[in-house]
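Letters A, B and C mark the chains in the order given here, with residues in each chain numbered from 1 onward.
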Amino acid sequence: MKVTTEYLYFNTKKRQEFVRITDDLAGIVKKSGVTEGLMLVAAMHITAGVFVNDWENGLIHDFQVWLEKLAPAGLEYRHHQTGEDNADAHLKRTIMGREVTLPITNGALDLGPWEQVFYAEFDGQRKKRVVVKVMGE
Amino acid sequence: MKVTTEYLYFNTKKRQEFVRITDDLAGIVKKSGVTEGLMLVAAMHITAGVFVNDWENGLIHDFQVWLEKLAPAGLEYRHHQTGEDNADAHLKRTIMGREVTLPITNGALDLGPWEQVFYAEFDGQRKKRVVVKVMGE
Amino acid sequence: MKVTTEYLYFNTKKRQEFVRITDDLAGIVKKSGVTEGLMLVAAMHITAGVFVNDWENGLIHDFQVWLEKLAPAGLEYRHHQTGEDNADAHLKRTIMGREVTLPITNGALDLGPWEQVFYAEFDGQRKKRVVVKVMGE
């Protein structure tokens, strides 16, 4: 069995930004030499997430409008009494998800035709990290 | 270590439908010969999901009413400018989740007494696929 | 390869309560002897969840207010026609998530500086269980 660990780093220009990482992950599978197994991809920060969905700018816009409706910025969150101003980012990442686990089959990510993996930043403009763990044979 | 891969296929009669798949998954565990390990169950389409909850028709109805409230169909989503009409399905699947990972213990799915696994279709009436990856010994 | 299974038990005083379990999980990693691998942490009850977020009481309060807004108790849910009164707990747990998968690196949980793992109870005051499966080498 092989287990490998990689980290992806992000420092987005905007506070909220979705970054496609499918190709980075495909590269990590190749480098790992694993042909059958699982890949965990998880945000290491609690105001960011990882999700799988469509690579279509209109839908990415829709996601962001929708998240703002479900978990608005600028409310009087109790978390802000600590000096923070990002409670909404914690809530938004909860909707989108912290992590995905991807199957590796025949030496490649076993994804459907429209599946793309994204890093979802909700409190960016600073250095953030994603852990990628590959386990298999 | 063993790693096996199976696919489940769906073509639901209704646009939105929840299909119980616990027994299919239990069969895949047996077939795999794995007695201790993990099973990843993931939708391969971005308008469908996989989740664990109660096998009770009233609650399934409640879930669907609730999802319609949180992520309504028929709004003027920007995604629809591409000719699509299913932005709500992408959002609904995000709430319910793309995937679950299930423990395998003593040769069977290690689920609580009320845990049932469902395929959640939000844009059906066409062929869709779920990947099931078993890894363990 | 090693695979180990542990269960955590909860019986919360309040109906809704978030319990930090990071240290319990760190202990399970040590006990398992696994230095590189994955840990699945999953609620075995469908009115409870497991999530990763901030250990800050203000934010925990914000989460609970937010969940009450997105999935209110006391509505006329169809699930309640069975005699149950906890449909909101099923919905709330769906938002927060059933499970997390954590990476194990160099013999410890590979978590970001602010990541804390919580058990999220939405229908407590009774005995509940979480399964913890460690797989690796």
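Heads up, the rule we're going with is that contacts are C-beta pairs under 8 Å (C-beta built on N, C-alpha and C of every residue); 3 or more make two chains touch, one makes a residue touch a chain.
What you see is a predicted model; the values in this text were computed from it and never measured.
Rounded to a multiple of 5, the C-alpha superposition of subunit A onto subunit C involves a rotation of 120 degrees. Where the sister copies subunit B and subunit C meet, the same residue numbers recur on both sides for under half of the interface positions. Averaged C-alpha coordinates put the centre of subunit B at 20 Å from the centre of subunit C. For subunit B, residues touching at least two other chains, in rising order: 1, 38, 70, 95, 97, 101, 135. Those residues of subunit A that touch subunit C in the complex are listed here as 1, 3, 5, 38, 40, 42-46, 70-71, 77-82, 87, 90-91, 94-95, 97-99, 101, 129, 131, 133, 135. Taken together, the subunit B residues at the contact with subunit C in this complex read 1, 36-38, 51-54, 56, 58-59, 61-63, 66, 70, 95-97, 100-103, 105, 110-112, 114-115, 135-137.
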